[in-house]
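See structure below.
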Amino acid sequence: MARAVSTRRKITFTVIAWVIGIAIFFPILWTILTSFKTEGEAIASPPSFLFFDWTLENYTTVQERSNYFLHFWNSVVISLGSTVLGLIIAIPAAWSMAFVPGKRTKDVLMWMLSTKMLPPVGVLIPIYLLFRDAGLLDTRTGLVVVLTLMNLPIIVWMLYTYFREIPGEILEAARMDGAGLREEIIYILTPMAVPGIASTLLLNVILAWNEAFWTLNLTAANAAPLTAFIASYSSPEGLFYAKLSAASTMAIAPILILGWFSQKQLVRGLTFGAVK
Amino acid sequence: MATEHSRATARLMISPAVLLLLAWMIVPLALTLYFSFLRYNLLMPGMEEWAGFLNYKFFLTDPAFFSAVWKTLELVGGVLIITVVGGILLALLLDQQFWGQGAVRILVIAPFFVMPTVSALVWKNMFMNPVNGLFAYLAKVFGLPPFDFLAQAPMLSIIMIVAWEWLPFATLILLTALQSLDSEQLEAAEMDGASFISRFFYIVLPHLSRAITVVILIQTIFLLSTFAEILVTTNGGPGTATTNLTYLVYVQSLLQFDVGGGSAGGVVAIILANIVAIFLMRMIGKNLDA
Amino acid sequence: MSAITLKNVTKRFGDVTVIPGIDLSIEDGEFVVFVGPSGCGKSTLLRLIAGLEDVSAGVIDIDGADVTGTAPAKRGLAMVFQSYALYPHMSVAGNIGFPLRMAGESKEAIDKKVRAAAATLNLTDYLHRKPRELSGGQRQRVAIGRAIVREPKGFLFDEPLSNLDAALRVNMRLELSELHAQLKTTMIYVTHDQVEAMTMADKIVVLNRGHIEQVGSPLTLYNKPDNLFVAGFIGSPKMNFLGPTYAKEHGAATVGVRPEHIKISKESGLIKGTAGVAEHLGSDTFVHVHVAPDQMITVRTSGDSVLRHGDTVWLTPDEDRLHRFDAQGKAIR
């Protein structure tokens, strides 16, 4: 579409697009702004947009009252832990499927994806009971295990599509040049796949960070990540908009930033390659 | 690339992933299925007994069940309509030339990265609250009475919240598909005298049909399991106005401790999801061959 | 010393037999070309020799040692792939030095050998570049460099020139022949282009559907093809095959004659025809003559031929240079 467009047309579209873009983004913007207000100003009528006394007190209050950073840290551990563990299991599997495809490779891949389509509520009870008996309820370990398994199909799938773009001849060349399997993976495959592995990591950290079924059902005070911590604001006492906003801003900021880097991978990872 | 040696290695390297997923799938599924045939309440441990199809009978004759299935469909359908139509329009808009394309794209995509509990609570309190919410304020400005969204139109409100979360996903995928459309095709149609509307219906829409199907199928899979948004806004209420199947199973098993009944509900949820999954898998599989 | 011997080498992919059993011996220092139409199993055979695929049956010997079960890296062979298969994240120096690094050689030794190879291949100025910053011909040379630094027992080439444009291809053909003359190492070269085979090979192996049709020097294949397939495949323009009546007179099922062994005249001759398109190459002219509604004979004549489209002409094959084949397509000698 490298066609010259009349300036008037371009101006019109610029205005429409920005108005709609800001409207869609507005709830996030409003949350961020509110987090810097006092509780009084947060519910002021008419609402103040930019001209209020900016304060950081909500951020400190949230931390003091509820040990915010414990939950933040839980989110970090759970999302990174489950993703890294998933990658360690998935890289060899994706290598096998991409470079030594057999008759059943496609079936295995499809079967892995089908496990992702299992509704979590269908296995909630057994997992809950197994975790209860194993003492894994409300532990970070337990959540790391569940989220690793939850996201493993997506991780395998994404890596597979990235690995498949690496020509097999290059790995064969390495083999002819005297590289064993270990050298082949360390010196050739991994460096070539770094962008793909990084994208996979990024998308899965995002998915794990925002996961809100298992985190809500399997945790309580100790291992609750931010999803579950924020949920505790659903039954508030007194004025709480500004504090909710501060907690929310901190909870979504890291992922918003990561997310902006991962737009392309998002399509690839979440459509399982069905849309390119 | 395939010697006996490398094949043996490959089997070894794929087995951890396969075994783990197999365990993850089979063990809980078998247990859910097993529990669904038991009379099993967590408040009465040791009293489990075989119940046959009794749980299913109770569950399937319970008016709450049909209501939940209906609410599930309502939620999925409502969100799909908003996101697909909105997504197509937004994708068409973002595909135009204007200043700050990248920035607007980022603004539009942002909601997808907001965790469900945050978006639900922000919408519930800061926008939909009948006293302090921004919508109430806007109503006042226009001289209208405030509207209590979550009490008076609970399902619609939840649909709006969830649609806001998923609109970026639909937009992004449809935009990707749109950008793969050969612009010469459109120019040829323009030369042939096709208007904007007919170009949209005869060229753009057919080109997008595949992506639209994918959006519908994938969102359906995720939307069938909507949970957090309901938990933090309405708790399934008022009454059972927003209790979908996922929430019903949660209430049954973890709030009322009826493992047997909850499991039967879980099995039903799995069957429903599988119906959608079959179509999705078929599409993905076709693409894998290409 | 590096003679390679194949004994009854067989390859099946599932139920499909791609190579039904091949016996072949390649002498030390020979430049051997496997030639045949696409899909006939040339690459498969090469990969079996390389060890990138397992044989389904049969034995491969290198220098008298059975290497049938040996890993590719331990066979001492180097391979140049059609796509070059350069490592995109390594510089030219890194690519060429990789086999040495894998062999555990010291940094200084690697550096010295890489420089020597780069000098031979005119790559000295590009050592720090990444493959994507090189032209097709340069990439090709890096791939060759990576193969020669190891001083392998033999080189395997799989259609290495097919991604280059025509002019460059002629150049690289000469360079490869030059390289072989210098190194005197055994080379096995796979191509579907019979011109490459004819110009480079000491020995050509003509493959067809996984079978060897004939093995011999380029001129042997050209002058004494064993069968119809070889006769038709080797030579450009192709050998002409004459009709059954003419063949019967010479006691054969089919008779072939090369374009340069037919006399063309406007006055008299054995076969009457109509001149069609004439291709003027300057040194020669190829005239395509219609002798029957569905039969055309190509004749090679002098560069200054003045035949015009539609002229009536007479053709006379040289009786001494006929190739006669029996009903099974075998040459009658």
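By written order: A, B and C. Residues from 1 in each chain.
Following the convention adopted for this analysis, contacts are C-beta pairs under 8 Å (C-beta built on N, C-alpha and C of every residue); 3 or more make two chains touch, one makes a residue touch a chain.
Remember, predicted model here, so these are calculated numbers, not experimental data.
Each of A-C and A-B has its own count of C-beta contacts, and the greater count is at A-B. Of all chains shown, the one whose average CA position lies nearest the global CA mean is A.
Chain centres here are Cα averages; for subunit B and subunit C they lie 58 Å apart.
Taking each chain's centre as the average of its CA atoms, subunit A and subunit C sit 54 Å apart. Rounded to whole angstrom units, the spacing between the C-alpha centres of subunit A and subunit B is 16.
For subunit A, the set of residues that touch two or more other chains comprises 172. Touching of two or more other chains is recorded for residues 52, 71 of subunit C.
In subunit B, the positions touching at least two other chains are 1-2. For subunit A in complex with subunit B, the residues that touch the partner chain are 1, 3, 5, 10, 13-14, 16-18, 20-22, 24-25, 27-28, 30-31, 34, 43, 45-47, 89-90, 92-93, 95-97, 99-100, 102, 106, 108-110, 112-115, 117-130, 149, 152-153, 156, 168, 171-172, 181, 206, 209-210, 212-213, 216-217, 226-228, 230-231, 233-234, 240-241, 244-245, 248, 251-252, 255-256, 258-260, 263, 266-267, 270-276.
Only residues 1-5 of subunit B touch subunit C when the two sit together in their complex. Considering their complex, residues 14, 50, 52, 71-73, 77-79, 81-83, 85-89, 98-99, 102-103, 146, 150 of subunit C touch subunit A. Residues of subunit B that touch subunit A in their complex: 1-2, 6-7, 9-11, 13-14, 16-18, 20-21, 24-25, 27-29, 31-32, 35, 90, 93-101, 103-119, 121-127, 132, 134, 137, 140, 164, 167-169, 172-173, 176-177, 180, 183, 210-211, 214, 218, 221, 224-225, 227-228, 231-233, 245-246, 249-250, 253-254, 259, 262-263, 265-267, 269-270, 272-274, 276-277, 280-281, 283-285, 287-289.
The touching residues of subunit C, when paired with subunit B in their complex, are 51-54, 71.
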